[in-house]
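So, here's a batch of structures to check.
Each of the next two complexes has subunit A plus one more chain, namely subunit B in the first and subunit C in the second.
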Partner chain A sequence: MTLFIQQLFDGLALGGVYCLAAIGLTLVFGVLRIPNLAHGTLYMLGAYVTYFFLVTVGVPYVAAIGLAAVVLAVIGVLLERLVFHPLRNAPHTHHMIAAVGAMFFFQAVAQALWGADFRRMESPISGNVTILGAQVSWQRIVIVVTAVLVLGLLTWFIKRSIHGQTIEAIEQDRTGSSLVGISPSRVSMLTFGLAAALATVAAGLVAPINLLSPTMGDALSLKVFAIIILGGLGSLPGAIVGGFTLALAEVMTSTYVSAAAGEGIAFVVIVIVLAIRPTGLFAKAVQR
Partner chain B sequence: MTTNVSPQRLGTLLVALALLLAPLALTGQDYVLRVLTVGATYAIAVYGMNMILGLTGQLSLAHGGFFGIGVYLVGLLTTDYDWAFWPALLVAVVGTTVVGYVAGVVALRTREEYFAIFTMAMGFIIFLVISRWESVTHAHSGVSGVKYPESLGLLDFSDPMLMYYLVLLFLLGAGYVTYAVRRSGVGRTLIAIRTSEDLARSVGVNVGLNKQLAFAASSTFAGLGGGLFAAVQGFVGPSAASVDLTFEMLMFILVGGMGTVMGPVVGTFLVLFLFEFFQDFEAYRFIVVGPIIVALVIFAPRGIVGYLNAFAGHRRSRGPAGGNETGNRSENRVPDTTTEAKETL
Partner chain C sequence: MAPTRIRSGTAVAAVCTGLLLATSACGGAGGSGSDTIVIGYSGPLSGGAAAYGQNIQDGLQLAIDDLNERGVTVDGEEYQVELASLDDQYAPNTAATNAQRLAEQDDAAVIYVPHAGGIQAAQELNSNRTEFLLGAYSSDPKIVEQGNELTMMIPPSFKSYVAPFVDKLTQDGESRLGLLGTASEYGQEWTKLVTDEWRGRGGQVLSDNSIDYGTVSDFAGPVSRTLAENPDVIFLGGPSQPTAVIIEEARRQGYDGSFLLMDQAKFEEMEEFTDPENLNDAIGVKPVRAYDDPGTDDILDLYAEKVTEEQPLTSEVTLNYQSVAIVVEAMQQAGSIDDATAIRDAIPDAIGEVDDHFHVSGFPTEITDAGHLRNADLEVAYRTPEGEYEHLPIEQPDE
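Then we have the complex of A and B:
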């Protein structure tokens, strides 16, 4: 039972990370109708930039994540401007190929700047707390709390603020939004910046638990795709439900079946879900 | 016919001659010859990608995985099970075709980005199985001592030059199949699906079946290329099935030109040459290569061969020989009459 509770908290913490990363991806898909294959590398860069601010510059942990989120938001906007904006009228395969190019580039840059070896980032938050007999590290609790906080803020931003509402408007009807004066270009930039910042928060939170490496984004990239497919491409609640579901499934499978099965479960989920429902579980009507 | 030398035929001939004569110019440089041979095996697999992505317009990201299945079938059968090379190659080709067909039944229920994500997940599962299934695939220690093809009569394939010509022969076959498909009704059907799936369906094309066949054919080429790759390398590891390999092949075809007959060959050899050139930089080469991919897809989505074809077609359509068109040539001219965004893929 203790083991189960232990794994439950691990799963929740992982789920928080997945949610933050997946929401960015699903927002980008909702607005631009492209699956950004480079999302995982933004996450990876986010982790390294956080590492840079925390270890090399020496600012406090929270500030390091914040600064890294700002840096990544700028990179996200640049990515949209330089790569995806010129391709907005191209066939959908071109976006994906361009995203792959961006992905290779970011990985090579990270490797050139920080090396290919694994790096460890020490968190200032240490120690454990005993909940129902299970030892849960404070870092994991911080992850869950931050994730919930950020998700709440994001929901408020999208539903209540004028800039956030433009995102939803573009998702619903691109032409109609342009007619009432919403610039698709600006919303695309906003979305990309937001997505990159969210991925950075996720990466900054999880970095003290995992190790950093230039390829750390690869597996995550596929997992967040599994999540947003599970939740339906472009759906925010879907990404949250999918994130926690997949994380719990993964943690439980690696504990009770095997580590390799845990690693592969995300892909098995994608294959099974798409085999049964080719447009995902909660897919919204896709505008064409 | 000797008087009617179109630029395309001339170009094809030049590439073919260069490939044929390369070993003679490279006597004593076994390393370069080996790189060329490996490149040719990749090019065969890239022809498969050309079939599904270039002609049919479906981005399959499981291609590296299928290549890996071919590699490991030949690799494992000729070592652990002590088969001869030729039957192992046959099993690899038939095996990947069957796997491709079955996978296609499920994968092709999805469309567009779902298809890409689905196939990427498939590719990753194949990679995970190969890199983790210790008892069968030896996981990260890989497979060493893969057999050379057994000699046929006087031809002894342990000679690197003969091995090169053997792979080249298969490459020629792959190129010819692509050429034949492009000229046939099947090719036009696939291009119709690429242009608009809904439109193709509405004019009576059996979209599902044709996509299915294109997908199976693409995995056949991947398996053939993979099987030969295993023999050429002699040692294979899980990286021969990785998702990165799919992305590299994607770059080859993009540089060469999607949907063209010569694109896969030109693209593969050109990019591999660049890779070798930047070899000292190892992983850092992607700092240069990554932006090149992005720039290509933005500014030159038709690839080298695509542009050369359009250029040649444009000149010819105005030249005196304009009335004497082959099916192949008139297809090359289609791009000029449709909008840029539609024809590039």
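Then we have the complex of A and C:
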């Protein structure tokens, strides 16, 4: 039972990280209809920039994540302007190739700036709390709470604020939105900036319990694609439900079946979803 | 402040070497001149294992700089030693292609490869098409079991560690072994050896929780699974840094047993990544700083000065450093810079002739017929529950 509680909390913390990373990816897909293969490297860069502010500059943890999110939002906008915007009328394969190129570029930049070796980021949040016999670290609780807060804010932003609503409008009907005066170009930039900032928050939260390396985004990149396919491409609730589902499935499978099965479960889930319900749990995206 | 180190310099040098090769009109640096000895190196310089690949490269480069400073004379002629590096991203096929290029375009008579897959691929080549001496940096015993005559295996074989490690950690009747190694091929070989050894002594081996240290985002899950079975000893290890994080997680979750560490994880690096107290009651390879060879202090200073002060010097650097001094000495003994067979044959004599400066961390005392550089007094390190290091001599199996 203790093991179950322990794994439940670990799964929730992992789910929080997956959600934050997956939402950015699904928003970008919803607005631009492109699978941003470089999303994992934005997450990686987010972790390094947070590390830079926290360790090198010496600002407090939360401020470091905030500042890094702003920096990454700018990088996200630049990525959209310099790479994806010029390709807006090109065939889809071009976006994919460009995204892979961006991925290698960001990895090389991280290796040049910070070196190839692992880095450790100490969080000021330390210690454990005992919940029903399980030792849960405060860092994991902070991850879950922050994820829920950020998801709440994001939902408010997209549903209630005027800028957020433009994202949803574009997702629903690009031509229609343009006709009522919404600039798809501005929304694209906004979405990319937001996606990169969210990935940074995820990375900043998870970095203290893991290590930084230029390839840290690779594994996550695959998982978040699995999540948004599971949840339905472009769907916000899909990414949230998918993130937590996949994280819990992963943790529980590796606990009660085997470690190898846990690593593979994401892809088993994708195969099943694609076979039974190809549009994902929350079907939304309609290819135009 | 961004860390400064020669690594970026060497990377630039590697790129320049490539460019010069491409233009091939420039004599001197990079290409094969009449007065240069080219040492070839194919290793992971980008991708997930880049840090490891750079450590090896640093070791080779430091030795080459020291040798050039002292002057290298072969058969009455003076030479400059140069390093030609190519990136293989840990891929065996690329390592083989690189080795071929280094041997044929750069005329490298000695080529270093630091991973078992690449070594085996290169062994296919050096026994068939092109002759070169393979500097094999991998502790996998398979690489000298192939019967390749032009292989020089540099680190101790991990086979030699298993029995003494298990001996030490079962002294008080510990019987339950948890498995939390890395899921690489090398990690699995280790896991199998340690499992067999443990079972052979009647101990109980618990479920295998091996994970890929490079891709798991949160180690807490695998650690709780392992601890749920109440192990007395946990076997683990991969790159030092994730290993340290896993150990810290296990201690955080209340584990107070021993750790049996794979040779890839180094105490000196783990101490930088976690509170050293977490590492108490663990057995692993001996830290470089614990050696008192004639050149140990010099190389520690040199590494801090020329490479980085942010990381400790490990045997990944020093073992390669020593071996370059051996092969260059062997060239001098053989009177040839390009006859790989003659160079290999001269190694047994060369070992005794290398200057004390290059004796830094258990300098080899022999090369076995199978081509394994070995130090007769190999020791391992046990960090006691009080945090002191004890050094234990170990026997090495016959080859």
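FYI, the second predicted complex is superposed on the first by the 280 of 288 C-alpha atoms of A that agree within 3 Å, B and C clash if a C-alpha of one lies under 4 Å from a C-alpha of the other, contacts with A are read in each partner's own complex, and residues count from 1 in each chain.
Going forward, a contact is a pair of C-beta atoms (placed from the backbone, for glycine too) under 8 Å apart; a residue touches a chain by one contact, two chains touch by 3 or more.
Here the structure is a predicted model, which is why all the values come from computation and not from measurement.
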| item | value |
| --- | --- |
| Touching partner for A:V83 - first (subunit B), second (subunit C), both, neither | first |
| First, second, both or neither for A:P91, with subunit B first and subunit C second | first |
| Which of subunit B and subunit C A:Q7 touches, first, second, both or neither | second |
| First (subunit B), second (subunit C), both or neither touched by A:S254 | second |
| Subunit B versus subunit C as contact partner of A:A116, first or second or both or neither | both |
| Partner chain(s) touched by A:A108 [first = subunit B, second = subunit C, both, neither] | both |
| Partner chain(s) touched by A:F225 [first = subunit B, second = subunit C, both, neither] | first |
| Which superposed partner A:L20 touches (first subunit B, second subunit C, both, neither) | neither |
| Touched partner set for A:E263, first subunit B, second subunit C, both or neither | both |
| Shared contact residues on subunit A - subunit B and subunit C | 107-108, 111-112, 116, 218, 260, 263 |
| In the complex with subunit A, residue positions of subunit B that touch it | 53, 57, 59, 106, 109-114, 116-118, 120-122, 124-125, 128, 132, 243, 247, 250-251, 254, 283-287, 289-294, 297-298, 301, 341-342, 344-345 |
| In the complex with subunit B, residue positions of subunit A that touch it | 29, 34-35, 82-83, 86-87, 89-94, 96-98, 100-109, 111-112, 116, 218, 222, 225-226, 229, 233, 260, 263-264, 266-268, 270-271, 274-275, 278-280 |
| Subunit A partner contacts - residues on subunit C that touch it in the complex | 1-3, 5, 7-8, 45-48, 50-51, 53-54, 183, 207-212, 214-222, 224-225, 228, 239, 241-242, 245, 249, 252-254, 273, 311 |
| Residues of subunit A that touch subunit C when the two form their complex | 2-3, 6-7, 10-11, 13-14, 17, 56, 107-108, 111-118, 120, 128, 135, 137, 140, 206, 209-211, 213-215, 218-220, 251, 254-255, 258-260, 262-263 |
